[in-house]
Every structure is written in C-alpha cells, then in structure tokens.
Amino acid sequence: ATGATPSGSGSGGAAAKLSVVFIPKNLGNPYFDTSDAGGKKAVESLGGTYSEVGPQQASPDGQVQYINTAAQQHVSALVVSANDPKAIGDALNQARKGGTKVVTFDSDTDPQYRDLFINQASPEGLAKVEVDGITKQIGDSGEIAILSASANATNQNAWIDLMKKDLAANHPNVKLVDVVYGNDDDQTSFDKTAALLQTHPNLKGIISPTTVGIAAAGRYLSTSDKKGKVALTGLGTPNQMREYVKNGTVKEFYLWNPADLGALAAYAADALVKGTITGKEGDTFTAGSLGSFKVGANQTVLLGDPFAFNAGNIDQFKF
Amino acid sequence: MTTAPAPSKEPTVTVPDTSTEVQLLVEPSSLAPRRRMAQSLLRSRELSILAVLLLVIAAATIKNPSFLLSSSGWRDLLLTPSMLILLAVGQAAVIITRNVDLSVGSVLGLTAYLTGRLFIDHPGIPVVVVFAAGLLVGAVLGLVNGLLVALGRVPALVITLGTLYIYRGLVLSWAGSSRINASDLPAGFLALGTQQILTIPVLFLIAVVVLSAVGYYLYTARSGREFYAIGSDPDAAVLYGLNVRRRVIGAFLLSGALAGLAGVVFAARYGSVSSDAGTGIELQAVAAAVIGGVAIFGGSGTVWGAAIGAVLLVTINRALPMLGIPDFWQQALVGALILSAIVLDRVLSARQSRRLVEARDQS
Amino acid sequence: MTRTYAAYAHPLWRRLLLTREAAVVALVIAVSLWAYSNVPYFGDQLTLTYLLLDVTPILLIALPMTLVIITGEIDLSVASVVGLSSVLLGVLHERGFSIPVAALIALVVGALCGALNGYLVARVGLPSLAVTIGTLALYRGLAIGILGTKAVTDFPSDWTQRASETIGGTGIPAFMWVFLLLAVVFTLALHFSPFGRGVYDIGLGSEAAHFSGVKVERTKFVLFVLSGAVSALAGVFYTLRFGSARGDNAAGLELQVIAAVLLGGVSIFGGRGKLAGVVAGVLLIGIISSALRLQGITVNVINIIIGLLLVLSVISTTVLAWVSDVAARRNRGARPTKTPAGVGTL
Amino acid sequence: MRHDSIGAASHPTLTLRDVAKSFGPVVALRSGTLVAQPGSIHALVGENGAGKSTLVKIVAGVHRRDAGEFLLGGEPADFGSTAESKAAGVAVIYQEPTLFPDLSVTENIFMGRQLLGRGRRIDRAAMYAEAARLFAGLGVHIDPRRQALGLSIADQQIIEIAKAISLDARLLIMDEPTAALSGVEVERLFAVARRLRDEGRAIVFISHRFDEVFDLCDTVTVMRDGQYIATKPIADTSVEEIVGLMVGREVAELFPKTPAPIGDPVLQVSGLTASGVFHDVTFEVRAGEIVGLAGLVGAGRSEIARAIFGVDRYDSGSVRVKGCEVPPRDPAAAIRAGMAFVPEDRRRQGLVTEASVTDNITGVIRGSLARFGLLTKRMENAAAGPWAGRLEVKTGALDMNAKTMSGGNQQKVVIAKWLATKPTLLIIDEPTRGIDVGTKAEVHRLLSELAGQGMAILMISSELPEVLGMADRVLVVCEGRITADLPRDRATPEAVMHAATHALTGGHHGHPGGHHGHPGGAQDQQAAS
C-alpha cells in the first residue's frame, strides 16, 4: 500500500528487486506465449518477478496503456515487441525517465526509444531463408505472394523489403504479385488467403512471415483444391504447423526458438538493470545456458540463425 | 325490434340491400393468385437484394471465372457466409420483435472457445455433443439477455451492450492467452469445415436448415407471427393478449442459440480460436439484417432477406479484390451499401404507403 | 385570486443527493478512496496523468453523445470519425500541411460526417441506429481506404508532446483545458439555455416539442454535426497523443462511450440525464480500469465489471420502481393494480 | 338506485358493481356499475372522461380493478391479461384502433388464433376466405391481403369490428365504434349487432351519438365522473333525461359567453387546401370574437387548425395574422406572429407529460426569458408561477411531473403555457375534452374573459352545446370543406347538424329515438331529415 508519497523507486531500479514486464504485440498469440514463457523462466531463475500484459488486438495504442501502467509501477525493466516503431516511443521514454530499462525483442522501435533490441535472427538471413525455401519448392519460376501481419509491423516490413530485393536480384522468373495483411487475426488471415488464391489463379507459392498468418494459410490450403499445388512457407511454430506438415500442405517452415528469444531478452534486461551493461556496442553479458552474447551495432543483440522445421524433425519440438 | 336473419353457421350476414350487396361483394383480389404472387415477389426486398448479389457474383466471375466456376470458388461462395447467416437469422428474429442483440459476437467467441476446450478436455467426445453444447450454452446466454430485457423492461440495446462486455470478459478470463489450434481439434470435426455433400458444403447446409426452420416457423406458426405483431406495435400486442414477454425471451433465446451454433461453426471452419474470436461481428449481423430488409424498428422483414443480406455482405468483401478494388476500400463500400439499403427501404415503403392510401381513396 | 406555489416539492439536498448523478459521483469517490488506499502507485501523480489521458477521447465524445441520446437518437459512428480524422491528420501532415491546418481540415470533415448522419436522421427521418451502423462502416472504411493499414508516425515531437504535457506540476494533462472549455459550453447549452430545454423536450415528447415551436429537425441535425466535429477533435488528440495516425485507431470506442454515457444516468429512451453524471460515469470506468491494471488485472475483468455496471444501472430503475410499488401496495393494502405493459424496446 | 333493466334471465352475462380504478393520483373510475343481459344491447353513455373506456378495459383484462365486484356469467372474474378475457368469451373493440400496421388485414383479424391446417401450420387460404366472408357480411370492400398500413380510420374501425365478430364471443363490447364511420357503414354494423343480439349474446355499446343509442340499444347506463348514475330501459327515457343525468345540471349554465366588442380581423385564412384532407378553406377571426369550428369527428377540423399553426403542411392557400403572411410549416414563426395553439391530444401534443409543470408552462416563452442566452430553473419558476396561479393549477409544486396531474389540470397547464406567450390569436382544439364539469366551466369562463380582453379565439369542439354556447359565429366543416358560416343567432343544433352531414351519403341525424332501426334504415333516415 502506498500513501501519498510516491514510493517504489524514484531513482532507478538498482536497489529494488528485479521486476520485468513482458508486453507482446497481442495476447493470445502462441508465438508470444512461447517466447514469454521462456522469459518467465529466465526472470524467475534470476529471482525476479515476471508479468505479462498486453492488448487484445495488435495495436500500438493498446500497448501504450500497458507501458504507462508499467511506468507507474516503476518496474525495473520492460520487454516489448513493438506494434509500431514510433507510436509507442513517447510512452517508452516516459518509462525510461522513471528508471525503467526498455528492451525490445521480436519487433523493434526506433533506437532512441529503447536500451537494447534482441534480434531473433538477422533480417537478411530470415528473408533469404524464406525466399530460398519458396523458390526451391516452386522450381524457381512463377507467381508468389506474401501474407503478412499488420501493414506497419516493423520487422515484417523490413523482411518484405529484403525479400523483394533478393527476388529481383537472384530470382528473375519469380514474380511477387501481391502483399496482403491478415492483421495477425485468424479469421482475417484465413479469408485473405482465400481471396489471394481466387485473385491469382496462377499463384504457386505463399510466404507468410508471421505465425498466425502461416497457420491460417495452412488451414485454408489444406482444405482447398490447391493443396500441394500452392507451396507455403514462412515463420511458424511447430505446434500450430504440425498438422499441415504431416498432411503435406507445408514442406518446410522456419523459426528460431522463441523461448530462447524471450529468455535472452530477460537476461539482457537483467544485465541492464544490474548495470553490468549499458547497451552500447561491444558490451557483453551471459544469458544463462544460452551462453555469452555481445551487443552489436545499433544496440542490437542477435540470437542466432533460424531453424528449419520439416516432416523429419517436427515431432521433436513441442512449442 | 326487427327480427334479424336467422343465424347461419357461416359468420356472414345478409346485407340489408340487395343492390348494394352485389356492388360491395368482396373479391379477395382482382388478380389471379399466380400473378399476384409473382407481383408481390417482384416487389419484395428479398428479391432486389438477391439481384444485387447475383450481379456482384456475375461481375466477379466475368473478371475471374474461378470466382464461381472453380470447385474452391463455388465452395467458398457458400461456405464463407455460413457463419454470418446463422447470426443474421437470429438477429433478424430479435429485430423483428423491435429489439436488438449486440452480444452475439461475444457469445460466438465463448462457444467457439468452448468447442476447442471440449475436444481438448474430453478426447473422443462426439461431434454432435459438441454442437449441442454450443447450441445449449448459446441458448442459456441468450435466455439471460431475454430475461433481463423482458422482465426488467429495459432497452435491449443497453442490456446486450452490457452482456457483450460481460460475455467477452468471461471468454477472456477463461481462455487467457491460450488458444485452440487445429491440432487440438479432431480431424473429423475439422473436416466438417470443408466437407461437401453434392458439392454443397456441410456448414452451409447447416445454415440453410436453420434458416429454413426459422423462416418456416416465423411464417407458419402462430407464435412466429406474434414476433411480427409485437414488433409492429408492442402496445397493441398487449391489447391482443399476446404473450409479449415469452416471445421476446424466445427471440433472444433463438439468437443466443444460433450465435452459439455459429461459434462451433467458427471453430470447424477456421481451425483455430483465440479469445477475441467474433469481436465486432455483432454489427455485421445487424447490418446483414438491415440490408436484407428487416426494419430496424421491428414488425417487418424476413430471415430469408437477412440471410441474403449476410451472403451479400460476405460476398462483396470477397469479390472486391477481384474487381480490382483494393481491399482497404471494402469496408467503405459495405457502409455505403448499408446506407443505400436503408434509404431504399424508406423510398419503397413511402411508395408502398402512398399506393395504399391511393388505393383507399379510389375504393 | 391567484395561488402561489413552491418551486420544488423537495428540499435542495434531496434533489441533489437522491439522484442517479449523485449515486455515480458517490461511486467515483468511493472507488477512488478504495484504490488510493489499497492499490499501490494509484496515488502517484503519473497515475492521474495517464488516467486522464486515457479517458480524454471518451470524455470529449461523451459530451455531444449525451445530447444526442437525450433527444432519443444514438450515434454509433463516432469512433469511425475518430479514425477518419486521425488518418486525415496523418495524410495531410505527410503532404506538408502544418498540424493546425491539418487538424482544422479534419474537424471540418468530422462535422461533415456528422452532417450526413444528421441529414439522414433528422431530415429524411431514418432511424439513427441503422443510419449510424452504416456510417460506422463507411467512415471507418474511408479511413482504412485512405491509409491502408499503414501508419503515419512522424509527427513533430513538439505537437505530440503538447498532447500529453501536464499543467505545471499538477500532473493534469494540459489538454484538459480543451475538455473543460467544451464541457462548460455543453453544460451551459444543455442545462442553462432554451436550446437545452428543447433537447430534453424532444427526448420526452418530440411531437409536443414540435407543437411548441421547438425546431426538432434542426436541433437533431446540429447535435449530429457537433458529435462529428467533437469526435474529429478527439481523433486529433488521439493521433497526437500516440503519435500515430492509423485507420483502425479507436476502433470499438463507440461502445465504450455509450456505456459511459448510460452509466452516467442518461436514459437510452431520451429525455433524462445530466452531463455531470456522464462525466462521473466516464471517470468511473477510467478509475476502475486504471486501478485494476495497476493491480495486474487485465482487460477481461475490467470488461466484466463495466458490463455488470451497465446492466445493473439500467435494471436498478426497474427494480427500485418495483420495490416501491410493492411497498406502496402493502401500505394501501389494496389488491394488485397490475397493468400489463409492453416490454422494453430499442 | 340500481336498476336491472331486463327481467330475470338466469344470469346476466356481465355484472360490474362499484368497480374502482385509479392511475396514481388520477381516479378514473370511482364506482362503475353495469349489468349486461344476454340477448340485449346495452348502451353506456357519459361525458368525456366519465370512465367508460376504463370500465371496458377492466372487463377486457387490460387493467385490473382496485375494488368492486366483477362477474361474468354469474362467475367471479378477474383478468390479468386480455388473453384471459378473450378465452372467457369477451370481445372488445377499443376506442383507439389497435392494429399492427406491418401485417395484412387478415393477420390482424386472426392474430394469436390463426386458423390452422395440417401440422398446426397456419392456413392462410382459409383465413383469407374467412376474412373475405367477414367483410362481405359487413358489406365493405377491403382486400384481405392488403397491409393494414395506410388504412383510413374508418377502415381500421371496420377491421376492429370484424375482429371482434369473428371471436364468436358471448359478450361484445364496442367502445365508440361508430365515431369514424359513415352512415352506411354504421347501418351495416348495427345489422350485425342485432343479429348477434338475437343469437343471445350480450352487447355493450358506447357512443356519444344519442340517435345511435336510441336506434340500436335496449337499455342505457349513464356514468358521470367515474360514477354510476342510472340505468334506464330505452323505451322509458328520452334524450333530454339522459343528457340531464350525464351532465348533472342544466346544460345552458355551462356556457357563460359574455358579449364582447368585435374588432379588426386577426386571422385571415384563404383558399387553404391540403389535397385529400381539406379544400379551399377560407374564413377570418376577429379580435374579441370566438369562432366555433363544428363538424363530425373526422371532418378535418383538427387538420385545418394544425395547418394554420404550421405543424402540418398544406398545398396552397395562405394564412395571415394581422395582415402579415405566416410562412407554412413553421410553428415557431406562427408563434412569433402571435398565434397560440392548444391541440386536441393533450398527452402527446399539448404537454411533455414527463416534464415538470414549469418546463411545460415556459416551454414556448423560454427563448425570451433567457438573459444573454442563458436560462436558469429559478428564472423559469419565477415566470411559470404566476401563470399557474392565474389558472389555479392544482399542484403541490412546480417541479411535479405533468403526467401525475388530472386531465383538467393538465389542460390548465397547456392553456397557461400558451397564455404566457401573450397571443393575439388562440386556436383551441377540444378545449374541454376529458375535463371534469367544474374545470369545464372555468375554461369556458376563461375563454370568454380572454375574448373580452380582445383576443381572437378559434375553438374546435365536438360538443355541440359547447360550440353553440360559446361561439359568436359557427363554421361547420364537412369532409374537409366549410359548409356553413352561422352567426350566433342562427346557429341552432339542427342547422349545424344539417351542414355537418350535408355531404355524407348515408347521414343519420335528426331526431334521436324516433327510429328503431331495421334493415334499410339509412335510407329511411335520409328521407326523414
């Protein structure tokens, strides 16, 4: 209970117990369930308190309210996947003014709004692995399309740009005919997939660099007469995709280990709170069993390379 | 006192003056039954909406034959609107009684999640039981709405706005951030989402069966007609001795049950359910009913119209990208469509009442 | 020989304290006190700031919405107007317009949106529920159509900061001045002007109002225009506060506004309600949400509480009437004088 | 005092004794008593607001009585809903038609008890045929399939009648069924009523037209101010006696119009036409003059008044006040020009019943009360108090809801509201409808006094004595046209009634009690007049 005096910690969280709030793009998203669970384990192993709050729909204004609440509570660190690179910036800076460390993961804000960004994979690497995957499956020629999350999701947009460049440079016979947005909503993504297939009868492949999107597309494809005729790949979680890999709708999809990503973000937050690192390039810290990581350019930490899931290995993964 | 004609079995009365009797003898209508039927059909709102629907389908098909002619195209044409048809039918029944049910989206979310939970917690549970459970839970939630509205004598808009929040809150608390994935659902159930009988999707058949049952009931049952009477003039309905409360509760019960059913359909069709499934769909259901010619202040319209309205709404959304209209503009078009439907309704009913007054003046 | 009359049947304290508005205000005070002593950090200045910033759009839109509902109509399109004005502000800013000019254009467009609603409802005589469900889709569709699902986020930081800066050291957002100004104007218009009396008369009996020379059509039209313009203002604020113009900004806000207005004691049938109660209703929802969020309770419970408050607040009237009816009957000892009545409708 | 008219049948179909009913503060019925015998038509008469409709609604199960005895066929009855009364064999034609505008005429007749075919399915064909038979029986030409929306009041009434007849009830109550019917239609209705009587049913018939009462009924019960007064066999009574019982005093003393100097024309109406409603209406009202607008219900008098005041539209013609043209469709402009309008439907048009006395009284003048555009309750109360006092409105306080007041007091509030505008012309539609006798006299004195002060008054009234007593000049409206302009000395009941029925084909007027109807009575009466 607090009286009128603003208690908690006015000046930085160094003295207080570690408290980390995870704010995913939206709740009820299996990808973030997994990553935040990893974060939770890490925070608890560090003796801190963990909590996860967030909006129902992936929108920046929804996130702002939760960032504000965290700022009011003077938590020691915020781990955020940004729905917009700028829109939540003011709120994050407010929180930082109150002594909260801000780590972004999965989807970044502009660098001036956070202390550190935990990058799941290099955008170049991700874009390349998805483009290579789809072009291989369709024989390096024909029409493809992209089913993304919301149109202003930072990470997806960066990847899509890189994919376009890669396609133009290395796959002249593959034509990207459409980019549609499913807003990380099951029903919308599903309906957009249906529309995509109708609008482009000659479509040969779909890349969906978002877990909700690829699952919805997998669901639609596996029940349509285009099953096996239209290739699908992208970023997905094994639990959601198992069905579609086994029934042959999807040959291969990619992801890093989201749990590791969450854990790394938590360790980074801890290091920032403890003051072991400040977030400048060259700082190093250890992230439990994940090993040691080094802060790169733009205050970014890279998790590693993405992993390819296929019929051969999918049963080894339960997330 | 004069003696009146001897009472006859027929409730007819010998008219005092023979000359006027001949002149005033009533013919049911001067038109042959078939022509009359054709005429009233031609004038009906349902038909004009159907024409618009066919136009949209035709345009999209010309632009891209696979919209209708491919097997997926044909299937999606029927499958996609199935869920909204169920909601629109329930909503139409409620609106006909001069009420409205805004809670259907939340009910749908609740039963969609319930469907997944049942399959996860009771592996091997028969699909029929799950459908029944969805229907039942929806009916109970609808009953709560109906009781509050009818017994509390408070406006349905406010009550169902409240239960919209409450039911959604219940799903959110129950589901938390967990979700149902396709792999949680048995293959047999998922197959329902796309199964076809003679190229007609099963879910569409379910919707059509429900639609026909409700349509038949509203047209041919005494209690069904009372829905219209109540919506047309609630005070007169009381003077007629109609059981207004029971019918209003019944309408909400129906709407809730159909929203519950729609939740199960949602799970079967999309294969994954998160706690915000169905958010905002209530306004689409109201819009479908309004587009289909159900007057927002009750008393007129049919569930057939509402169902066609639902198909039109969904199909327009699917056809616009085909017609080269970026999908971002679709919602604006839907809005314009709703407005023109209301305005058209007003124009038609103004013309109708003018015609009726003229008919009276001439007689 | 003329009689003289008491102006009021009840003393002032009774008229002030035994009202719906007083009940809501009391609830606001009670919940605040509870939160202050039980919820960590609720007493902080920052909480006040964020709470007020969060409810500002609802507060703004609730002002004209109250008047619209008192005339017996409803405007469901307000949140879509917020979205549209947000998008316009963004697009115009991108095209190089200064923020004040862009905001002004957004306000004008908002007023035009309201005028379309007003024309269809007041002049053509269509039911406002149906009309504004249509324009809800239309205006939102225009917003999304103009901007796609992209966002404009590069607003000048002096403007975005202005939206959330506070008055001196009070922690009260400076934008509250704008609300306060509007609240005074709306209060004078509704409670202290002939126009406002007309608004109530229309809600209580529009035919009688028409027979008394009240310009029913014009009044309704003006209210819808105001509703559109104020919603656009809320859109401008929303955009600058979050520094983000998006087509789907404030989606679903209309139901929150209506819930708050009804909670504040305004009758959906029209004719009853006070702005003071509405402001208290908005604050009540804001305070409950804020306190629960600070306790780590998420949106689900908040939803349930808002829903329950809404349902209870409307049935309380019926329940109270029923209770007093039973009491009166018991006193009189007469046989029941039940008169069947129609059930509540729209 | 009680008088059971027709001897000792085994049981009267309906017995009501000392039945009472209040609506909050309004006592609608103090002690209603009525005994209706099988095979007999029983008239129930009384002034507006005497409680006739309330009595009917208690029998129908719309209201529940507060006290008193209610027997149906000798058995105690107490209906909680109209469904129960229907089931017990009571059919009621309510004073206001209660139709579902969206449904077909046939559905309206059979709602809730539709004919069923196979599988409990509604048999529409049978219903249409049945409805057609009913209409044929009533001799009217209504398509059973058409929508009820847009039917004339008369047609609506016919459908109510068809509905009641088709119920096959042992007790049929008709609350002013003839108010909107033409002569031919009335005759057909009477034929049906007589047939039903001869089948042994009991009929209660409410009407303000004595000729009809004497034509059709066997017995008459008189009510006044919610109280039973007397029951007489029709054969043993006269119109004069009934009127005396109804009013409870000599009729003449009610209308104390004192002569006043007549000044310049205030209202000039010329060529006013609204197609289908009224045609080429031209007249003027002078300062200090009371002009009465008489005619049968439905003649279009209210519509004329509403058009003059700008509430309704009209197609052509002009309205001038003191020589200045008043724009159409703008009540505010009419008010500025000095008009005041007390409409006929007090509850819906005259008052905002849910608002306070003050709000109602200052409803029109508050624009001028405001200072710098602002208005406070205190200013309004200060303005309303004197006007309420001047009309002696009986109320506890000025913030009482108008809804809780008696009809007479409500009417005083409406008049106060308009007098507060200091009008030069007062249009008053049915000034004393539903008002008790005492208040009625007050209203008449007030009108007379206002005229004396130089106000021009246009008064519409369905009560002939009121018109004849109050008006300096009587204009008679028939089917939307002014058919007579009679100065006070030439305005006899006969002259007015002749002009009022002039254009009607089967008009039935003249001397009540003379004809005991028989088929073809309409023609006979026509000849007699």
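Letters A, B, C and D mark the chains in the order given here, with residues in each chain numbered from 1 onward.
The rule is short, and it goes like this: contacts are C-beta pairs under 8 Å (C-beta built on N, C-alpha and C of every residue); 3 or more make two chains touch, one makes a residue touch a chain.
Predicted model, so just to flag it, every value in this text is computed and none were measured.
Q: Given the two chain pairs B-C and A-B, which is bridged by the higher number of C-beta pairs in contact?
A: B-C
Q: What whole-Å value do you get for the distance between subunit B and subunit C if each is reduced to the mean of its CA atoms?
A: Centre-to-centre distance between subunit B and subunit C: 31 Å.
Q: What is the distance in Å between the mean C-alpha positions of subunit B and subunit D?
A: From the centre of subunit B to the centre of subunit D is 42 Å.
Q: In angstrom, rounded to a whole number, how far apart do the mean CA points of subunit A and subunit D lie?
A: Each chain's C-alpha centroid was found; their separation is 75 Å.
Q: Multi-chain contacts only, two chains or more: what residues does subunit A have there?
A: Residues 27, 56-57.
Q: List, in ascending order, every residue of subunit C touching at least 2 other chains.
A: 148-149, 251, 298-299, 340
Q: Going by the touch rule set out above, which residues of subunit D reach two or more other chains?
A: Answer for subunit D, listing residues that touch two or more other chains: 62, 81-82.
Q: Using the contact rule from the top, write out all pairs of chains that touch.
A: Touching chain pairs, listed by label, come out as A-B, A-C, B-C, B-D, C-D.
Q: Which subunit B residues qualify as touching subunit C in the complex?
A: Result: residues 98-100, 102, 148-150, 152-159, 161-173, 234-235, 237-238, 244-245, 248, 279-280, 283, 286-287, 290, 296-298, 326, 328-336, 338-339, 341-343, 346 of subunit B touch subunit C.
Q: Where on subunit C is subunit B touching in the complex?
A: Contacts found on subunit C: 74, 76, 120, 124-127, 129-131, 133-142, 144-145, 147-149, 247, 251-252, 255, 258-259, 262, 268-269, 298-311, 314-315, 317-319, 340-346.
Q: Touching subunit A in the complex: which residues of subunit B?
A: It is residues 64, 66-67, 70-73, 75-76, 80, 172, 175-179, 181-183, 190, 193-194, 266, 269-277, 279, 317-318, 321-322, 327 of subunit B that touch subunit A.
Q: Where on subunit A does subunit C make contact in their complex?
A: So the residues of subunit A touching subunit C come out as 1-4, 6-8, 27, 51, 53, 55-57, 59-61, 64-66, 68-69, 71-74, 84-90, 98, 150-152, 181, 183.
Q: For the complex, give me every residue of subunit C touching subunit D.
A: Subunit C residues touching subunit D: 2-9, 188, 192-194, 197, 200-201, 204-205, 207-215, 271, 334-340.
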